[in-house]
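Shared between the two complexes below is chain A, which has chain B as its partner in the first and chain C in the second.
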Partner chain A sequence: MTTRVGIPRALLYYQYYPMWQAFFEEFGVETAISPPTTKDIVTSGCSRTVAETCLPVKIFCGHVLSLADKCDYMFIPVIRSMGKNAYNCSKLLGLPDITKAVIPESPPILDIEIDANKSKYSLYRAIYSLGRHFTKNPLRIEKATKKAWKIYLAYRQKMSSEGLMPTQITDKMCDKRHQVDLAENDSPPLLNIAVIGHPYLIYDDYINHRLITQVQAMGAKVLTPEMVSEQALDAAMTSLVGNPRWTYEADVVGAGGYYLQTKVDGIIGLAAFACGPDSMMMNIIQRRARQLKAPFLYLTLDEHTAEGGMLTRLEAFLDMVKRRKRGQSCA
Partner chain B sequence: MKTYLGIDVGSVTTKLALLDQDNQLITANYLHTQGKPIAVIQEGLKQIERQMPPNAEICGVATTGSARYLAGVIMGADLVKNEITTQAIATMHYIPNVRTVIEIGGQDSKIIIIRDGIVTDFGMNTVCAAGTGSFLDHQASRLNVGIEEFGQRALKSKMPVRIAGRCTVFAESDMIHKQQMGHQTEDILYGLCQALARNYLNNVALGKEIQPPVVFQGGVAFNQGMVKALEENLNTQIIVPPHHEVLGAIGAALLVHEETDINGNKTQFRGFSTSEAKYHTSAFECKACPNQCEIIQLSLNGKVLARWGGRCDLWERTATSHKDL
Partner chain C sequence: MRVGIPHAGNIYIPLRTIFKELGTELVVPPPSTRRTLDLGVRYAPEGTCLPFKLTLGNLIEACELGADSVLQAGGIGICRLSYYAKVQKQILHDLGYDIEMLTFDVSQNKLVGLLQLIKRVSNNSPWSKIISAFHFGLAKLAALDNIEKVIHKVRAVELEKGTANKIFKESIKAIDELSEHAALKKITTEYIEKLGQMAKDDRADPLKVGIIGEIFVVLDPFSNMDLEVELGKLGVEVKRSLFFSQWTKFSLFLNSLGIDEWKRVHKAAMPYLKRDVGGDGWESVGEKVLHAKEYDGIIHVAPFTCMPETVAQNIMPSTKEDIPVLTILCDEQMAKPGMLTRLEAFVDLLKFRRRRPKLTSGTRGNRENLSWH
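Showing the complex of A and B:
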């Protein structure tokens, strides 16, 4: 019987799924993905976690629960740091422990800690101990790692060169039924609207009340952080704040800075309520946008189920951007 | 005579405004929604029909406010517009050089920043309703002061008390404490106005560039105490425009007038008989996927007019095939 590793469709999934899948595939291990977020997943996740936890982590727990009896291992990597002196949020660092505590019925957790502040040797050792669950042959682990990294680079490259969203690639890989059907409109879009924030907020249709579809339906082209190369994001971030403090600062500060430089018609910042790092990073972009007099809408997501409040803000924002643009072209 | 009708269905009040082709206000109505938007829209229509000049003809209908989609279906609206855009348009119609709009309604409050006739920024209150009219309404009823006399009495205050305005729950316990200490009701009332003004400026207007002329509108602008509290806080004159309580409806009418002039379309208005029709709403839980969306269905004489509330368009799609009924 093949071993199955469960991968919750939440948090880091959107950034790394193709890489993880390629790694496990090398050992003949199957990956099981939880379905896109549903009301049940949110409810079950919220029922296990304390109220103060942020919504993305609650949803993550819901995804783990939905996979608990469908796999032999649960894969919960910890990305501590991807660059010097920049760290991830404490909730993401403690994710395997949170999961163990609130979901005791979860199958054994496979965790791996990535920390760029430590030596290369500790990185190899971390990957090796992950691979050891499936093979004793270090050469096979090395081969899987190299392949996975290549896949990751190709995935990132494909998104930035073709202007694709992660879901347009991953949904094809893991479940045909959930392919995002992006109706290609022949007429050029009226507006270019950038949506900045973490991928788990932008691409989870449940958490953001179908934000991307709604903005597209209002006649705008949606641009996201993944459509920009990592180098360009990093450059924009460095010019704004110097060295980043947070692991995924490029999603917010990098993307915000980049889209402000390229003069899109408007920027929507998506943040989770109760997210400390987001509240600080969004503020940097908010201030910069104000200096440049660029339209910026800050949306905070929480457990609301009524989408009316968000729709009113989106409609008003796009009206404002359209009228401003019309006013500028007349002047 | 060509006329244009705007309807603003808010959570607390429903406003209707009828404009002529020169954008002059013919008549306006201000009704309490009382949780029954459909019945109130119908009542408002009846009133408009009575007040309309005999030769008037409705050439465009637009809806706005939090029940704008519901109202749009009932009326057969030509335009459904969010309340920020409509408020801004109407304010600029009356005060062309406006730079800041403060709007405080029943359940929400907004700030709209306008530069050279264009909205450049806006803000709305977040999940909390503390900085809104319902805060005053609630506290006034605790003090047994009618909301209509609130403002006048607040102006009589000589030594306003300081009340924590961050949260309605805190404000209430703070207010009860001051009341039990023996403070004058007038001083407590003006203290509440100041608390609301502070709350508004520190939350909704946080980080926004408030420049004069500052216009204050919405139902709460009736309250003279609030006008004074905002003037003191901002150190500038506050303009309360004419028809400030129905500006959302006026803005909707202005926009639909502009739009019908551009595209020349005939109105989709269902006519005044709508006010007699038997609308019925029902809700059910969709079972098609695990999201279990709550679908609202609006029907007229047993025929479904519209459905909404779903995360996908499964039910909305089936409803549109009945749209021509």
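Showing the complex of A and C:
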């Protein structure tokens, strides 16, 4: 029987799944993905963690629980840093340890630490320590790593050049049944609305109550951080706050800054309740939007968010943006 | 230059001393009150933590008193502190205070950075003067913490409740006003002796409760609603390893020589949390593990939504080392009666546990991890 590695469909999954999948495939290892978030997943995750934990981590624990008896290993990497002097949030750093503490029945956790502030050697060692679970041959590990990295770059490139969302690519890869039908409408969209925030909020249809679909149904084209190249995100971020302090700051500050520069019709900022970095970063974008008099809607999500309330706010926001645009074009 | 500072426990005393010695004007805002917090809550992003809101309130009050620049901690790190200065500066600018933000880096280049900052704001005073002022400031901080360590013991066993606090307040005032370095040692010993001569219950064997958590709320009595004083009233001896003087001693000097005061604590945390998660999260887990046998209970204090402490809070109940933990999360919604009720209940639990130690050995696991909300 082949070894199965569990990958929870939460947090970093949206950014890195194709890369991870390619890496494990090289060793003939099967990857098991948890199903899209459901009410049961959220409830089970909430029941294990302390109440003050942020929603994404609660959901992550729910996904781990749903996979616990379906795989031999659980893959929970720790991305400490992806750039100089920028670190990740505490909860992502403590993720394997939190999982071990709150879900003791989880299969053995594969945790590797990626830290761009350390030497290249420590990166090699981290990847080798992961590959060693499946092969003793370092050359095979190297080959798998190179292939995985290439796939990641291609994935990122495809999203920014074709304007795709991660789910449009990954869903085809891992689950044929769950394909979001995003057939382009023939008539050109009325509005361009940017949705900024971390991928695990934007692309998880359960926790954001199908925000993207809803906005599209209201006749707007949705733009997300992944549709912008990394260079453009970094440039926008640097002009706004200087050097970033958090690893995934580009998703929020970079994307927000970029879409403010390119003058989209409105921006929706999506944040999770109790998220530390978002509480600061969204505020920076909010202030900037206010200075530029650009429409900005700040939505905070938690496990109690009701669809009705969110829809009302979305409709009101889009109506406001539409009226504003009409007013501008008349003048 | 009129430099405004935020409050954090007694940190204004060494700062005031250093600036006074160098002839720079320091604007110490009034002690934190409900108004300070309300100001902070009104202008801060709603999801930020209590230390952000409270220090923002302090800085606004300092600006009202005419500060033209403000000092805030910052640096590269994992927790939100690295963004305090950037966001607070924007908020103050939007409020119409055209101030300069001076950032003291607490993550790297600490000692040199701090000294250079002092040199800048003190109008290029000579290094000899800066170093002697700095030395005096740190000595005051150490003296205060030495007295506080004695206070922790005395509060639990004093016969007339409140005496130790009165002496502590007197000593803070005396040390704050002191302008000669030579007299500091004498004053400190005087107060420690005074505390030693107080009427105490000699037969008492007070409960020992460790205080762990996020450094700002642990050390700022306004934020934690005088937690230690209240524990003293309940006859509990407080044990803690976080002190500002200890931070300055190690982070500014000894760490660069390779001496790490937290090594033991980190080692203890290893089986449960393998890496630094920023702030004091790693230390919180380690201290629980390390002191499980020595203390009767532990009170874990953290700001609401604190990133590192939430990690610690999730991990602590799973440790093998068993000790009751009460987590108190501090935010602007907190009210004192609620906290007192929980403290009383917790102390009752600890008394009960001490009387019947067999009941709690091992088998009951971690049911005694209590949480605030």
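Criterion: the second predicted complex is superposed on the first by the 330 of 331 C-alpha atoms of A that agree within 3 Å, B and C clash if a C-alpha of one lies under 4 Å from a C-alpha of the other, contacts with A are read in each partner's own complex, and residues count from 1 in each chain.
Definition applied: contacts are C-beta pairs under 8 Å (C-beta built on N, C-alpha and C of every residue); 3 or more make two chains touch, one makes a residue touch a chain.
Remember, predicted model here, so these are calculated numbers, not experimental data.
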item	value
Clash or fit (per the criteria above) of chain B with chain C on chain A	fit
Touched partner set for A:Cys89, first chain B, second chain C, both or neither	second
First (chain B), second (chain C), both or neither touched by A:Thr300	both
Per-residue contact with chain A, leading partner among chain C and chain B	C
Touched partner set for A:Val241, first chain B, second chain C, both or neither	second
Which superposed partner A:Gly327 touches (first chain B, second chain C, both, neither)	first
Partner chain(s) touched by A:Ala51 [first = chain B, second = chain C, both, neither]	second
Contacts of A:Val78 with chain B and chain C, given as first, second, both or neither	second
Which of chain B and chain C A:Met280 touches, first, second, both or neither	second
Touched partner set for A:Tyr206, first chain B, second chain C, both or neither	first
Superposed model, angle subtended at chain A by chain C and chain B (C-alpha, nearest 10 degrees)	80
First, second, both or neither for A:Ile98, with chain B first and chain C second	second
After fitting on chain A: smallest Cα gap, chain B-chain C, Å	5
Common interface residues of chain A - those touching chain B in one complex and chain C in the other	286, 300
List of chain A residues in touch with chain B within their complex	35, 38-41, 205-206, 209-210, 286, 290, 293, 295, 300, 302, 304, 308-309, 311-313, 315-317, 319-320, 323-324, 327
List of chain C residues in touch with chain A within their complex	45-49, 76-80, 82-83, 86-87, 90, 94, 272-279, 281, 304-308, 310-311, 313-315, 317-318, 327, 329, 371, 373
In the complex, chain B residues that touch chain A	66, 81-85, 116-122, 124, 126-127, 207, 289-293, 311
Parts of chain A lying in touch with chain C, wherever the complex brings them together	49-54, 78, 80, 85, 87-91, 93-94, 96-98, 100-102, 104, 111, 113, 241, 245, 271, 273-284, 286-287, 300
